[in-house]
Amino acid sequence: MQRVGVFVCWCGSNIAGTVDVQAVSDALKNEPGVVFSTNYQYMCSQAGQDIIKNAIAEYKLTGIVVCSCSPRMHEATFRKTAAAAGLNPYMVEIANIREQCSWVHKDILTGTEKAIILGKAAVAKVNLNAPLTPGETPVTKRALVIGGGIAGIQTALDIADAGFPVDIVEKNPTIGGKMAQLDKTFPTLDCAACILTPKMVDVAQNENIRIFSFSEVAKIKGFVGNFDVTIKKKARYVKEELCTGCGACTEKCPMKKVPNEFNLGMDTRSAIYIPFAQAVPKVARIDPDACNMLKKGKCGICSKVCAAGAIDYTQKDQYIEEKYGAIVVATGFNPISMDKFDEFAYSQSKDVITSLEFERLTNAAGPTAGKLLRPSDHKHPHTIVFVQCVGSRCDSCAEKGKEYCSKICCMYTAKHAMLTRDKYPDTEVYVFYIDVRTPGKNFDEFYRRAVEEYGVKYIKGMVGKVTPEGDKLKVQASDLLANRQLQIDADLVVLAAAIEPDKSARPLATMLTASMDTNDFFTEAHPKLRPVESPTAGVFLSGACQGPKDIPETVSQAGAAASKVIGLLAKDKLTGNPCVAHSDEMMCNGCSTCERVCPYGAITYEDKEFRMPDRTTKIRRVASVNPAVCQGCGACTVACPSGAMDLKGFASAQIMAEVDAICK
Amino acid sequence: MNNQNLKEEILRMSGVHPEKCMRCGKCSGTCPAYSEMEYHPHQFVSMVDNGEIEPLLNSESLYKCLSCFACIERCPRGVEPAKLVEAIRLIAIRRQGANHMTANDVPALLDADIPQQAIVSAFRKYSK
Amino acid sequence: MQTITRDQLIEKAVSLLADGTVSCVLGWQKGEFDYDVTPVLFKNADELKANFVWNDFCGANFSKYLVTKAEKATGKVLVFLKPCDTYSFNQLLTEHRFNREKVYAVGIPCEGMVDVAKVKAICGDGIVSIDCGEKLSVTTLYGDEPTVIDAKDVLAERCINCKSKKHVAYDELLGEEGEVIASDRFDEVAKLEAMTPDERFAFWQGELSRCIRCNACRDACPACTCEKCVFDNPKSGVENKSPANSFEEKMFHIIRAFHVAGRCTDCGECSRVCPQNIPLHLLNRKFIKDINCFYGEYQAGAEVGSRAPLVDYTTDDLEPGEVFDRRDNNA
Amino acid sequence: MQMKEYKPLIVAFCCNWCSYAGADLAGNNRLNYPADVKIIRVPCSCRVNPMFVLRAFQRGADGVIICGCHPGDCHYTSGNYYTRRRMAALFSMLDYLGIEKERTRVEWVSAAEGAKFAATMNDFAEKVAALGENKRLEDLRCKQ
Amino acid sequence: MKVSYFPGCTLKNKAKDLDAYAYKSAAALGVTLEEIENWQCCGGVFTTARDEVATKLSSVRALKEAADKDQPLITVCSACHNVIKQTNHAMQTDKEFANKVNRYMACEKSYAGEAQVYHYLEMLRDLVGFDTIKAKVTNALKGKKIAAYYGCLLLRPNRVMQMDDPENPTIMEDFIKAIGATPVVYAKRNECCGAYIAMESPALAEKSSNAIVQNAKAAGAEMIITACPLCRYNLIKNGADIPVVYFTELLAEALGVKEDTNE
């Protein structure tokens, strides 16, 4: 039996005004287990806390009920008080007689009556409380960053700068991501490569950073502070440690007609290739689908010309296992496929391109060496039509496209239009828009400059049909402000395709037990207050995997994610929330129902040997909860058919005792 | 019928939700009959939404829509402007003596090759 | 009346015992009366030949017995599964309740089982023997001539509304495979739903007040395999042994139905074994009907590993408050 | 014997993160609701076992309401989605047994919705009061 | 294979060819077209208004007959196909509408959209298979550059019609390949020819049709095929200077049954 002390707070007149505090402390004195009951003006004050501490000592209290304000206000205070007096802090229960009683009821009789009932419920609960101790787990002081775009790069650099080792896993042969493909960046128009490539070099040179390029995460086990990750290093048929990146092999390779993915297929590369000049690591890779040696066993030229002896046609996928304390997801985005939007004739004409293709067409390192020439005939286009919101902001019942705004298109389209007019003033540039969205520092000014200084023709309306005919693209569109339909003979049409999360994100989320929204963007732990954390402890979000973002936003989120990781890795041990689920193994059926509802993947199963009452042994599958991962929601407790699963601090028996006390 | 009732009638008949429209103008950008119309597809949507039905009821635009469904197919918001045109046209021609085309009009419009389908369709669209 | 014969089953069992595929056979044997057929574990061919029963009263669903029998057996257990039993079989596998490796399942066709209460309604009490041939031939203490009844006229409710003649799990199939059937099994539920709350309350008060808390429904239910049942567990807060009053009758049956909701395959064992003939399946079917209506068609046990609707969700599920609108609209 | 004015007894389960905070906010703003409503704090609405609901009715509650974060805002990401399904099924079953459907409710109340909390409780208490005492799910042994 | 067949009014009058070649080709492919008994005109256009019931009854009767025979319902004319398929969809999805129709028809068994509606092209693709056709072609139309003209009615609204990608369809191109010719892809193949506006505003029909023919020719087409008599009329009337023919005619030609006399 507990020895319970009851402490009724007046809160000045806040409680005492509508609750007869004396009556409450008197009434509760008679409750089972209560050995001491008193009231005081301000329980949370130093003097009030001293009353509690003294009573704990004097009456050898094992449990405390404070009838006061909301537990959200002072539960932590009174727990500390109890701890200071040598009582387990989880032996404290609060009866909320201010916010949920004195403040909402005017009549002193009803207020008092209800306060007594709430006090009784708290006493009933505390009678069933048990001391709880938060568990501790050690932290592996190494972080994993999945994705080597600007988001992953920035996160890795920031973590490494704080002195923690970081690994980057990048599925492509080089880090750099989408930003490496961009030409200029808005709104300052500095060249993307000029600001990105130094960072890529920093990554390569940082002692704390390892890059697993052309690699994927194959398996993730464990939990916050203690993740076990298997990384699949895909065969690139070139020994990374030997290759010097001299490029001799790529020049001599006879298979030169492979579409170059870095330039989105607008030119070709060789079967052995280095993605681009500033690639990190600058190591060649053989494309097994194109290489004659790998397909037919004939050729072997690259091996002959390689002075470093780096070519290895027999290389196999390698699996590497590593431990991490924190994982940052930075898997980024891709433009959506234009397949479903062929009213814009993307599949019918080479001269209908996406904005990312346009970036490559204007990039000095691109297929046209930075000259704006249209893909079909390499002629300079004189009339260019930009179409915004292609596949963005679509209603779900339209059955194609995305419901969200892709956020970056308004600005990069303004950039494209402005740069075109700047470089080629003889070009007519039309931008069809639904709304121009420019909330960002210097963004609207930038857009206005495109219109006012560079003469870009912004038209409020939408293109309805693009008809390639002869060497023209006949664009039919609406001009809503002029209330007319336009027919424009364009040379080039640029579609601002919606962006979507990378396809690798969904299987990754499953491995991480991290949640995603219906669009496959990772969900943050709280949309406002914890925007860079995933609800799964130890998993953090960086960049466009969480939602559409431009570069400055991505970089700031990357830094924020890094600081959260640093905060985690700086700890030697993690203290958990002791109010977690636990399973009574004798009652557990091993049915996996609890595992299915656990949002955190905290429940696992093991086969355990049990001694039966008849002295035989029996092997049974039983659930076990990892207290470091469990967050204490209690979903499992209700899902459990046998009632084996219970929640510490909010046990079924405790809640039912409260129900009984209230209903008595 | 007052405008509010008319609007409701139109929305009920058509099943269209004009409030979903985000004013992108793709319907009018894609409409093949645009040049013949006094009110264009996007205007049908916004005018119905605003309860301005009478001008539409009296407009020749009702008889220019080809029912080609391009606006329905291409609308990113699933608004289906052509269904509004159809509903308003039906309200117009269902009124007494308001047929847009009568049997007497037909012979003058025929040539030797015109398929039956054209006559039937036009009749469906233009008269009750 | 059953298309497959006792001899065929024995032959199969004997040969599987003989070639060592299985070490024992879970089968039916006669109980006190002909209509009282109980499950038993046969160890050898002689036992089988002597006591194995297969007739229109072999309703017992063996799936549940595997939870305890499969583990203890030295080799594999042979189990005969009627189509409806296979759903329970899968559901228990989904819940890891027995080791599939230790079971050899033989699917057998079923033409429906007889409800002895219906036989008694025709012949009266005092049944001495029932001969299950082409037709049922029933001899009672009181009549000279046996009464001949067509089994089709006295089928159990669950067999009249049979949901599937198809086996969803087996190692081997005897006889013809059937199809999933579009049955009218929810009609009774719908009828109750159409009543006023007062009528419904009166109906259930009438039915449930007959409950004697014998626990037969729980004990027969293939979904009720908990290591420790909440009703036997003093810690659960709902422990009780006898129907002290009308609340506890209701409480017991609501909690039991809720516990198996989403996992109940609608095998109908609860109603079959109820000595008070309480239509308990109407509670389970209510949950099944609701789940189908609210969250899409779901048949527990149709496939191993499927996620039961009550441990699943979509972000746009209907609100609890809309439940009644939905029903009122459907009515 | 003096007839006491009938006051319904209402048990409200509130999740710690949204609805309990919403109730606190109602208090901060001094928004009145009947004292018949007694709140039990649970970490998440998904902690509420149907057995708790039945227990409350058994012990004499006239109405039970469960409040949680709005769908999509659950502190534990998905807890309230399970609540929504479980309680939909349970309430439908209770109704099927002839228990008045107005006695049970699930309401989503965020931490910012103090006014909604008070309004919900007022409305619920009024509806339950109109039904009178819970006779259909009562355990006479639990009444004095 | 036996299928139900809805020819429609035009196919029995101005577009007899479309019908006759459909029969011949089907026979050559082992498909028996069983004409719906006492079929009535579909009305030419589907009225999207949900309160229009009477105008859709003829389609429902045809659908119901096919469903009762448990046969797929095949249409050839694009307009009939659109009307019947949309009506069927309405019967499946719009309960209120379906109720009205069923009450109006007062049949023993109510109809809820059970029939499967296939356009003749879909039949070729999904039931017969283009590979089968390829194998049966005796007179491949080698080297012919043919533009498929879909028009609006086969493809839209896609949610209902579900024939092909509404913006980048391939079914007719695949058909053209199957009969040995070369398809020409052009953007205006799914734009409207003007349809019945030919009666109200011939100038608009002329403009639309011209643009389509121009676009096809610019892409190198030597011939245009269509499934719709009205499309064909509009294209020819408005001065198409390349042949515009029904796809069934080409099919019959490729299968070597065009000149069969069966009258």
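Going by the order they are written in, the chains are A, B, C, D and E; count residues from 1 in each one.
Definition applied: contacts are C-beta pairs under 8 Å (C-beta built on N, C-alpha and C of every residue); 3 or more make two chains touch, one makes a residue touch a chain.
If you're wondering where the values come from, they're calculated on a predicted model, not measured in any experiment.
S.K.: If you apply the touch rule, which chains end up adjacent to both subunit B and subunit C?
M.R.: A
S.K.: Pick the pair with more C-beta contacts: C-D or A-B?
M.R.: When A-B is set beside C-D, the one with more contacts is C-D.
S.K.: Of all the chains, which has the CA centre nearest the overall CA centre?
M.R.: A
S.K.: Between subunit B and subunit E, tell me the centre distance in angstrom, where each centre is the average of that chain's C-alpha atoms.
M.R.: Roughly 24 Å, centre to centre.
S.K.: Could you grab the centroid distance between subunit B and subunit D? Build each centroid from C-alpha atoms only and quote it in angstrom.
M.R.: 51
S.K.: Can you give the whole-Å distance between the Cα centres of subunit A and subunit E?
M.R.: The answer is 49 Å.
S.K.: Would you mind listing the residues of subunit C that make contact with two or more other chains?
M.R.: Subunit C, residues with two or more chain partners: 230, 236-237, 310-312, 315.
S.K.: Which parts of subunit B, given as residue numbers and ranges, touch two or more other chains?
M.R.: 35, 70
S.K.: Mark out which residues of subunit D touch at least two other chains, giving numbers and ranges.
M.R.: 50-51, 55, 78, 82, 86
S.K.: Name the touching chain pairs, would you?
M.R.: Result of the pairwise touch check is A-B, A-C, A-D, A-E, B-E, C-D.
S.K.: Which residues, counting only subunit A, touch subunit C once they are in their complex?
M.R.: By the definition above, subunit A touches subunit C via 518, 586-593, 596-597, 605, 618, 620-621, 639, 641-644, 652-653, 656.
S.K.: Using the touch definition from the top, list the residues of subunit B that touch subunit E in their complex.
M.R.: Touch residues, subunit B against subunit E: 12-15, 32-33, 35-36, 63-64, 66-70, 72-73, 80, 82-83, 86-87, 90, 101, 106, 109, 111, 113-126.
S.K.: In their shared complex, at which residues does subunit E touch subunit B?
M.R.: These residues of subunit E touch subunit B: 8-10, 13-15, 41, 43-52, 55, 77, 79, 152, 155-158, 166-167, 191-192, 194-201, 204, 208, 228-230, 233, 236-237.
S.K.: Give every residue of subunit D touching subunit A within the complex, in rising order.
M.R.: 9, 11, 16, 20-21, 23-24, 26-28, 30-33, 35, 38-44, 46-52, 55-56, 59-61, 75-79, 82, 86, 118, 142
S.K.: Which residues of subunit D touch subunit C once you look at their complex with the stated criterion?
M.R.: Listed in rising order, the residues of subunit D that touch subunit C are 50-51, 54-55, 58, 71-72, 78, 81-82, 84-101, 104-106, 136-141.
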